[in-house]
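Both of the next two complexes hold subunit A, though its partner changes from subunit B to subunit C.
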Partner chain A sequence: MKNKELSFWLFITPVVLSLSLVVIVPVLMGLFYSFTNWNGLTFTEIVGFDHYKRLLGDTNFRDSLWFTFKFAFVSVIVLNIIGLGLALMVTSKMKTNNILRTIFFMPNLIGGLILGFIWQFIFVRVFAAVGDFTGIEGLMGWLSTSTTGFWGLVILTVWQQAGYIMIIYIAYLQGIPKELIESANIDGASPFQKFRYIIFPLLAPGFTVSMFLTLSTSFKIYDQNLSLTGGGPFNSTQMVAMNIVDTAFSSNQMAYGQSKAVIFFIIVAIFSLTQVYYSKKREVDL
Partner chain B sequence: MFSKSYFYKGIVLLSATGLLAACGSDDGSSGSGGDGGSGEQIELDIMQGKVEFNEQFNELAQMYMDENPNVSINITSVGGGTDYFTQLTTRFSSGDEPDIFSVAGPEQMEKMSEYMADLSDTDAADKALEGMLDQVSQDDGTVDALPYNIEGYGFIYNKNIFEEAGIDAEEIMTYEDLESAVQTLSDQADELGIEAPFAFPGAEGWVPGDHLANVYLSHEFDENVNNAYNAETLEFENGDQFKRMLDLQVEYSVEPVLSLDYSQQVEEYFSLGQVAMIQQGNWVYPTLEQMDPELAENGVGMIPIPLEGHEGELPVGIPNFWAVNGNKDDAVVQEAKDFLDWMYLSEEGKEFVINEFNFIPAYEGYEDLEIGDPLSQVVYEYSQSGDTIGWIFNGYPSGYTNNEFGPNIQAYIAGEMTWDEMIDESISAWESLQ
Partner chain C sequence: MKNRRKYLILEIIGVILGLIWLSPFYLMLVNSFKVPREIFANVLTLPDSLNFANYVKAFDDLNFIRSFFNSLLITVVSVAVIIIFSSMAGYALARNKSRLSNVILLVFVAAMLIPFQSVMIPLTAIFGQVDMLNRVGLVFMYLGFGGSLAIFLYHGAMTSVSISLDEAAIMDGASKYQIFFKIVFPLLSPISVTVAILNVIWIWNDYLLPSLVLSRDNETIPIRMFYFFGQYTRQWHLALAGLTIAIIPVIIFYFSAQKVIVEGVTEGAIK
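Coming up: the complex of A and B.
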């Protein structure tokens, strides 16, 4: 690039400036604070790796990390299956396609907090009422045990985000050349064979994007967690993000919370990057 | 070619000037706001954490401004204990310090101590009821903060249901009395049309962790919140009584306890008459009044939670205090003090505090006024007669109820922990947080 002259720098300055002001500088400051006894206002000494050592023995943090892993694992799989299923459904030849797309996408427009309260009502009241009426024990007392809390969160997340993932898959599905499908038809491929050997491999870039999105959002979920279960009962459905917020803002251990956040950042980064790397390798070029 | 590059540079220049202009005008406005105090004009910036009475508080401030045209008051109310304090510290760290702010509990006071002006020369400090300033007074006679109001909790019961069941609530003194009353209620649940005697909100860690536990822990710390705040550990001397009261409430509560929350407890179950009693405080009154004015006015009462050797004592405490920022100019500090005095001691102020805030006053001079609602009256009577149990839960290590004690109690209710495990865990959590 030869034309890196004044106008080039002027153009990128706003981006570089705002990016460093709101992302890079805070991250570096946060990293630094995690090595001090910062209390949100000031710090008096640098404590080195003390917070990180303490983290190793913190069972609450470990539990919430484990819960988050389980949650992310299940919700990534379910989300992608359902998202792809919806996408295949609305790209097939049906009259109601456009309405369906809108309907499936709509939950994504509602804020996580409100969704949490809506689903809390559904799980606690509607489920109980239906359970009362039909005598199905499994519908009673939702969200009052860790298992129902876990599945409640999965259902909520999937319901909210499946429409978004659907849109991504639709885009990739529509990008698949018609000729390939047609020639497969001529060769007499069954619908399953078409899906398995033509559509699926060509969707790989879509998987990369969707997996990355679902994985990173599932890890970082906070508002749905807060309003649906609030971490209860007995903090057994507390995810890492919530654990960090509680440490920092309700126990007022800012620096310790910050060190948890640093660890969490590293974990999420490792998972997402590994996933993207391997998914990328599977992509086929036409 | 040339014209194109000039065009881009022109845009860049334009946007750059726009940006600069925006910054400039921002600076200008905040500057003029700060030094607008020519003459006697005084601005009082108030930040407080009791969001429920924000509207009424603003009305009161307006009344004060009408009387004192040289004062303008600007109120920020932030809800929920922890959120408030985070925002308060943020404002202090960013230099945008309020002139009057609220503090709750010893930890917040310790953190803000360097900012809190001495209020011992205010009339309000002079007129505070006995014992109300204990936790904010220093040995040298300075007073760091002034109480908002008094609050108290116990078992709030539905008079109609009790009457129908043939129970006289006034006679319930000991645990055994309460147990047999609960048994009676439970036996007649169908005839009384209630789902259960209690609605116990297991989803809210603070109901068992702060309030119920306080009854059984308070005397360990001589009923003094500062002792709890400074305590290295705790004993649970009355742990057995705590256990049986918790068990009683859980056993005779609407199911499922662990997903039952505060609003279900108060709005759905109690105010609609589906349960006979709930463990709550006088702060539920406005909600009850909204749901069923008739019931709220004539149908509810409050009795203490029985503690052996201290039967008939109601847990009463001061949740919030006012502090004045001592970093400000003397004139502002004086005006802040005057405002607080006026609010609690002037005739208009008193009337407003009682009738609009629905506060139970912590000050003298309210003898002629009638305390607003029946629950507050009960609390006021107990605090007048001194049959009280001090609140110590504000002295818990911060986050103790939210992150440790509350979840442990929930785990016990769910059967995930035995009682002894719960106690051991909670003690070691206290020790590690202190």
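Coming up: the complex of A and C.
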């Protein structure tokens, strides 16, 4: 197919058109609107960096950003450790391998909104009942403080996504040549040595993929946040995505909300690009 | 002997972890059959009797048949549209070896980095102005958001479809459309399955985008669930019955196509 051929253009037009109208045009218009007093329909003046200046003093936004960073940091680490642990476990010679894979992966197919509601019940009712019965204070009043809200979100995310990360690590573990492990066995390597010197370095591409995925999903999380804590108490567990939605659609501050969305985009892009860059570099170094 | 014991311990740990993983579903299920008093008295145990009253009420209040078919319609149409148009574009971009098509492909891949929340405000404003905040508009948006990954996957899969097939078909006088739909598209079906699985999971469960686009008449299961739950906060017996109902279709889908789903998700993640 040549550029000049009509068929080439007919084949790509539907997707090019939809990507343009759904992603590219809104990104550019959004960038422009963030410098105006746009109200969702029209704008009357260009306000320059006013919205961005206001952002600097917006403690709500700053708190949500900080909360999101903390959440993303903790859940990326925990998810990868547990995901890899599960993958190592279910790739060993166990009889229950297949059924366990099925179970660990299951929460992944169900929407975050529904899972958040289920866990709200567990944290609020079940934890309280067990705490009541055993006298463990730490189980009482979950989701009513910022700390328990934070860990509630981490637990929900890990439970939902660890199976997905497990699947990715399984794919990479299966790519490691059996001969390498066998020769290490003959040389008398301990399980830890085998992991540290053979499996771990060869898993590098797997780390890149799953770190990238977990980082970007945990940074953009919305549904789970909405259904588990709703941002409460007093917006203390509100993440950036929810902060943007609330600013735009609840408080109707469209242009101001969009300036937050622009900042959010820049942060996500920087994170993703740096992370891919360093992981690729490390793969080569090893 | 030593090895067997080692695996036994691992096996026990595995079973315990498996049970922990299942426990939220267990708790949801057992409590969905209870009356409120029972939930307060004994949250961990099986219900005294199988009482379906909660289910009848929740099924009714969720307007489940309706929201189920709304979800089904949106998901099936969007996924079909994504598969058809993305495979066409992936084919055209792979067969056109020019700088232009490299640039187009790069733009699609780069677009995957843009978070939805960064575009949603102008997006809904633009579509609102042309009266497209409806199901047709939603399908079009899903093509825009889902097209990138699909084109990327199809473009990659095209490397295994030999160009000599195209050439032979041209000799026989086939048009570009015939070549694509009769010869190439069937050969791409493994990747079409992957694209279908990934997009079904995403679109079926998506909440934020449809909640901004659809009117209350066309609401999908997640949107309906959100209102339903708000209505029954602290009436856990009804809320849990509703959640169970909402999960059943997904569980059936998972167990009927488990192998394909896991393969598809793996492929989508590591490519």
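Quick note on the criterion: the second predicted complex is superposed on the first by the 268 of 286 C-alpha atoms of A that agree within 3 Å, B and C clash if a C-alpha of one lies under 4 Å from a C-alpha of the other, contacts with A are read in each partner's own complex, and residues count from 1 in each chain.
Quick note on the criterion: a contact is a pair of C-beta atoms (placed from the backbone, for glycine too) under 8 Å apart; a residue touches a chain by one contact, two chains touch by 3 or more.
What you see is a predicted model; the values in this text were computed from it and never measured.
When the two complexes are overlaid on their common chain A, residue A:145 makes contact with subunit B while staying clear of subunit C.
Of the two partner chains placed around the shared chain by superposition, neither subunit B nor subunit C is touched by A:270.
With both structures placed on the common chain, the touch criterion links A:41 to subunit B and to subunit C. In the superposed three-chain model, the partner touching more residues of subunit A is C, compared with the other of subunit B and subunit C.
Contacts of A:244 after superposition on the shared chain: subunit C is touched, whereas subunit B is not. Residue contacts after overlaying the shared chain place A:81 against neither subunit B nor subunit C. Touch criterion not met for A:136: it reaches neither subunit B nor subunit C.
Shared-chain residue A:11: touches subunit B and subunit C both. When both complexes are overlaid on chain A, the residue A:60 reaches subunit B alone and has no touch with subunit C.
Touching of subunit A by both subunit B and subunit C, each in its own complex, is seen for residues 7, 11, 14, 40-41, 249.
Per the touch definition, subunit B reaches subunit A in the complex via residues 5, 8-9, 12, 15-16, 19, 82-83, 86, 89-90, 92-93, 107, 111, 202-203, 205, 255-259, 397-399, 402-403, 407-411, 413-414, 416, 433. Residues of subunit A that touch subunit C in their complex: 1-3, 5, 7-8, 11-12, 14-16, 18-27, 29-30, 33, 40-41, 86, 89-90, 92-96, 99-115, 117-119, 121-122, 125-126, 129-130, 159, 163-164, 167-168, 170-172, 206, 209-210, 213, 216, 219-220, 222-223, 226-227, 240-241, 244-245, 248-249, 254, 257-258, 261-262, 264-265, 268-269, 272-273. Only residues 7, 10-11, 13-15, 17-18, 21-22, 24-25, 27-28, 31, 39-40, 43-44, 85-86, 88-89, 91-93, 95-96, 98, 100, 104, 107-108, 111, 113-123, 125-126, 129, 140-141, 143-145, 147-148, 151, 176-177, 180, 201, 204-208, 212, 222, 225-226, 229, 236, 239-240, 243, 246-247, 250-251, 253-254, 258, 261-262, 265-266, 269-270 of subunit C touch subunit A when the two sit together in their complex.
Note for the complex: subunit A touches subunit B at residues 6-7, 10-11, 14, 39-41, 60, 124, 140-145, 230-236, 246-247, 249-253.
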